[in-house]
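Just below sit the structures, each encoded as structure tokens.
The following pair of complexes shares a single chain, chain A, combined with chain B in the former and chain C in the latter.
Right after this comes the complex of A and B.
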């Protein structure tokens, strides 16, 4: 297990290095440079600026400095917001995205397991059909449309109630988080519902369920102790990739609901071509995703002993 | 066998002749079916999948044949019908040319049912709305008025809407972007400090659309003979309404569909193909080459997709909001090949161990034969299913990029960028968001259902797994 963990960690670090390298050389392949946006720069000012940002050194030296800084967790200074460190930006905005993402994951996982179990329990009866229809709908409608529609819904509810039942946008209290997290988790929930359903239906035909039945265990016990517990396993495996989907899906929700998260900040940085922020955020997100996937895999080994034997 | 059972039977020479060749016992009574024929038969049994297939064919036909049937330019503006919902009233009255107005005449009568005696002067038309009021009747001093306009009925405590003007006069003429709809005008009296008092009057007006003879001629509305003042004519038809710039929604949906479906179908085709080539080489070579190639694919698959998608579009030298379709396609191909590559490699490794491949090798089959006869046909099903399931995600990617303003360059429409435009005005003109969102959803739904059906039909191992 330790060997496996170490191997995964080393590969993870290599992957982050790959992401950092791809980002660095990618950004340097962009025609023009960040300083050419400034209106009137004399040669002297330009030289000073280049010296400040270290752009006057050869490319490979810059790469070495960049790698060294990143390994120390330093992403540099923003180009458009002078003297603001990218680290500070991430520190300020990432927790918001993370809270939103965690809520969305919890919502998606609980919902997916619940609905998936229900559909399997009521297979081919009306609850199954209704839920599966909603699932297909949830997968087929783009997230920004769902976000916009739910926001419109909130406006109408607030108008009907006469007071603010739930805030339409912004960030601050728990009430601000509920609807965005639900919207963000919706497509993942739909996907997990499908997965849970098929996993449940597969387990009905296994030997250990038959054994449990022949032992005369009550149906509810078979359902909760044997079927549900085993069916959850595949859901845990896809949680890693689902986190990736939810962080990137977060961009849209953060924009629509005016949430000051890192995703919205990243989109703004892209629109303003703020190179250091783009690079820093990409590497940070990449590292976050890579280690999340590793964490989920290790968690999976902890939950399911079968994986541990043959990783 | 012979029917003769009599004991007096004697063999003759004909009995030793070879029997005619009857092979009825092991003849195949049912017609032989190839893998694809069988798959097609199974797909036809799945009504949902078949319907989805027809829907997709219909959508593709809609976008390809559409420009020939509906010949309106998607970037042409209809200035008389801006943001019109489908099925809106298209009647327009020919009115005399605009004449400046210098306030009400002395014999103007004022309404008595509101605090300020707010009255409409003349007709409310899209040319101008003219309001006059008697004034503040409880306070002798007259410090001026502020005029507001809104589209929504006023409730207690609601804002009055858009502040139009602050004026000392007792009249006001509104010519600001008037549409044929209901408006609520509010005039509020001000106190000596210029602060609003509680003296105000609200008037609900229904604005009628008018154009002048000259405008009718300029916009080609006089094809059925010349028009005269006071006459009613019909404006151009927009079956799906118009957007916030007065562009025909149907034409934009057709042209936008070309972009969205092009990316949605071609991007998965290309990157799955690349993945197939990469994966089959790795799977077939095996050993160190395989390890090296797959390690690289592992790295590439770990790249955060949407971040790099955006990054690549920046790298291609195209600033935000001004990129074309091709960079998007290239970025998708560069980033998304590893997943199908890993899938195909797994398949190839599996097939390599199958008995029929060993049998084929034993019979002296060459590598080429093995690849084209066994490997590719047996992975084809999985590949086809993968492509079908990748189409929705490609369409979503395009829509997402357009939504954050990194999509196709205007004025080229795409369903995603149309949604982005529509979201801004979804409260007042929901049709601008509804139609493109509907088209995206239907397309994605159809490909998802077709993918389910194809998987059931093609991939025996995956069948009935949902």
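Right after this comes the complex of A and C.
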């Protein structure tokens, strides 16, 4: 087990290095540069800026300097927010995205499992049809539409109530989080519901359920011990990447609800070609994703003894 | 058998749905617990935004929205409009624009510009937010700082009229060689390299704001990055700044002018670029002013809000590529397009946004000439749209260029709703009237800039916003040496006119030069002015005295106050 974990970790670090390298060269291949602006500066001022950011050196030298810096955990200074270190940006804004993401993933996972189990239970009857219809909506309607509609809905509720039922945007208390987290988790929830439903239905027809039934076990016990627990496995598999996806994919929700998360910086950095922030967020999120996948693989062995690795 | 199994599965699912119900309750309890824990966690991080209320009469405060996190509050390096907006509230320089957009005294109570020198006499009661007096040395330090090559200030070139400034910026001279001196703490004398009649208008720009040396050094390279890393000279100070979330401004008790800073607090409670979200905040009475975009204009009209408008000073135009082996190098080709495009149609029938004006000249309507506006003194020439004439010019161009058929022409534009609709209109009109095939090349910001600089375009939707309140901010754009002349138009006559506009000291002479520049841009069809941009917005009825500006803080709340009876 330890050897397996170590092996996975080493591979993980290699993956992150690969992500960093690919991003670095990909980013420099994109036309345009972080120093260009609506208004051109004189050649002299541009030279001063290039010297300041080290962009005057050959690309491979920049790459070497860059690798050296990230190995020491230093992502440099942002081009657009010139006074801020990328490390500070990640440190200040990732926790916010993470809190929102945790809540969203909890909504998604709990909702997905519950709705999925419910639809499987009421297969081909009206609860199934209604929920599956909503699931299709949840998967296909883009998040900026859902975010805008839910925010408008909040405004209307507040106007009707004549007081603030829930804040329309901003950050700070749990009341600011509920609606954005639901919006953020919605498509994942819809996806998990479908996954849960099909895996529940698959399991109903397996031999061990029939064995349990013939043994005369109580229905509820079969449901919770045999059916639910086994059906959750595929859900856990996708949960790891989904966590990483949700905590990074909050761009739209963060903009609409004015939440100071990292997702914004991630997307805006690419539009602005802010080299250091692109590299910082990509490497950080890449490492996070790799870590989550490893974690899920290890967890999997714990939940399902069949895939446990022999030491 | 079959019926039995059905009834069996019925009871089965009943007991199971009860079980599922239990899980559901457990899940809710779990989520509630989680919410509580996350609430604590978020509280610990200190990122909470102060509760926003559009207008709060009891506390004499208002709330508003910022489009983005201010990227740079170090005035020696700031270039963008959001930073300009914040700096306009928290800082004050030698001079400022008053409510009537006239140059007026600020920290300098009087000033004088001669062909060789500019002298500013500073008021004695101007103080920093820590109570120490603002002295001439603070200006000298800030200007030297902006010019040091290692600072990398993009707008350092605005300081070049000062003696030795360019040499300092290129690293040939030390910063101390700058031709600025302070005979006493309240007098600032600037030596000019060349006569520059509008130097007083230049000093309104943020690059000229004062920075105090001891404070700057104490921040150890973090100047401007946080509320505590700034020293304020303006009517407001930043009380708290939560990056990416909010910024709370509070009246500066040491500020000298009691006519400004009437509101006790200005709470920039949200930072978002989303137009719909902004309008939602306004509807929910969270913010007192919301800018309207094309997509939510109808909503505002439906709600019967009084919609206000102002021209933000930016001019948009169609640029031609004047480089070798581009069709648009041919004058008759450009004239053909000039006679085919009706900018009134573009503004009133295609763009359909209130506040937009059809473009007639590179020089927008608000620029001041000798006494009246420049455009009143030197009216812009216009052509009447005439498709027959346009086709005749195109036939001439075809002959001169020796072409059998016109190749496809690339139109470079940015990717936003307004540009999209305009470029499609251009494409359609040029196809219908002249039979030209236009390929629209939509590019996001940085990629578009790269193509603009390298000249990878036939036609270009370009625009220019002013930096200072003098026609020269537009007038020098098409000088051959100006890098913002993206089409690389090159004309000795134009260069000579720009030189006159820069160096002449008498205002009438300069305005005459601008009139001639305007005429040459028209005669030679260097560009085709398309429109002057307008901004539409809604304001809370109780908030009065908000000033919208073309130069400086786009939205200026420093004179604003709350009228509870409105």
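Rule of thumb we're sticking to: the second predicted complex is superposed on the first by the 275 of 311 C-alpha atoms of A that agree within 3 Å, B and C clash if a C-alpha of one lies under 4 Å from a C-alpha of the other, contacts with A are read in each partner's own complex, and residues count from 1 in each chain.
Everything below uses one rule, namely that a contact is a pair of C-beta atoms (placed from the backbone, for glycine too) under 8 Å apart; a residue touches a chain by one contact, two chains touch by 3 or more.
Since the model is a prediction, treat every value here as computed from it, not as a measurement.
Novice: Of the two partner chains, chain B (first) and chain C (second), which one does A:201 touch, if any: first, second, both, or neither?
Specialist: In the superposed model, A:201 contacts chain B only, not chain C.
Novice: Return first, second, both or neither, reflecting whether A:117 touches chain B, chain C, both chains, or no partner chain.
Specialist: second
Novice: So in the superposed three-chain picture, is A:152 touching just chain B, just chain C, both, or none of them (first/second/both/neither)?
Specialist: both
Novice: For A:173, decide between first (touching chain B), second (touching chain C), both and neither.
Specialist: second
Novice: Determine, under the contact definition given at the top, whether A:289 touches first (chain B), second (chain C), both, or neither.
Specialist: The first partner, chain B, only.
Novice: Decide which partner touches more residues of chain A, taking chain B and chain C as the two options.
Specialist: Per-residue touch count on chain A favours C.
Novice: So, does A:42 touch the first partner chain B, the second partner chain C, both, or neither?
Specialist: second
Novice: For A:211, select first, second, both or neither according to whether it touches chain B, chain C, the two together, or no partner.
Specialist: neither
Novice: Looking at A:273, would you say it contacts chain B, chain C, both, or neither? Reply first, second, both or neither.
Specialist: The answer is both, since A:273 touches chain B and chain C.
Novice: Identify the partner contact of A:27: answer first if only chain B is touched, second if only chain C is, both if each is, neither if none is.
Specialist: first
Novice: Taking the stated contact definition, name every residue in chain A that is touched by chain B in one complex and by chain C in the other, in rising order.
Specialist: 30-31, 148, 152, 155, 255-256, 271, 273
Novice: Which of the residues in chain A come into contact with chain B in the complex?
Specialist: For chain A paired with chain B, touching residues are 11, 14-15, 18-19, 22-23, 26-27, 29-31, 136-137, 139-145, 148, 152, 155, 194, 197-198, 201-202, 244, 247-248, 251-252, 255-256, 266-267, 270-271, 273, 278, 281-282, 285-286, 289-290, 293.
Novice: Where on chain A does chain C make contact in their complex?
Specialist: 30-34, 36-45, 48-49, 51-53, 80-84, 89, 92-93, 95-96, 99, 102-103, 106-107, 110, 114, 117-118, 121-122, 148, 151-152, 154-155, 158-159, 168-174, 177-178, 219-220, 223-224, 255-261, 264-265, 271-273
Novice: In their shared complex, at which residues does chain B touch chain A?
Specialist: My answer: residues 298-299, 302-308, 310-312, 314-315, 317, 319-321, 392, 396, 399-400, 403-406, 416, 419-420, 423, 426-427, 433, 437, 440-442, 444-445, 448-449, 465-466.
Novice: In their complex, what parts of chain C are in touch with chain A?
Specialist: 12-13, 15-20, 23-24, 27, 30-31, 34-36, 38-39, 41-43, 45, 47-49, 52, 65, 69, 71-74, 77, 79, 149-157, 166, 169-170, 222-225, 229, 242-246, 269-274, 276-277, 280-281, 283-284, 286, 444-451, 453, 465, 467, 483-484
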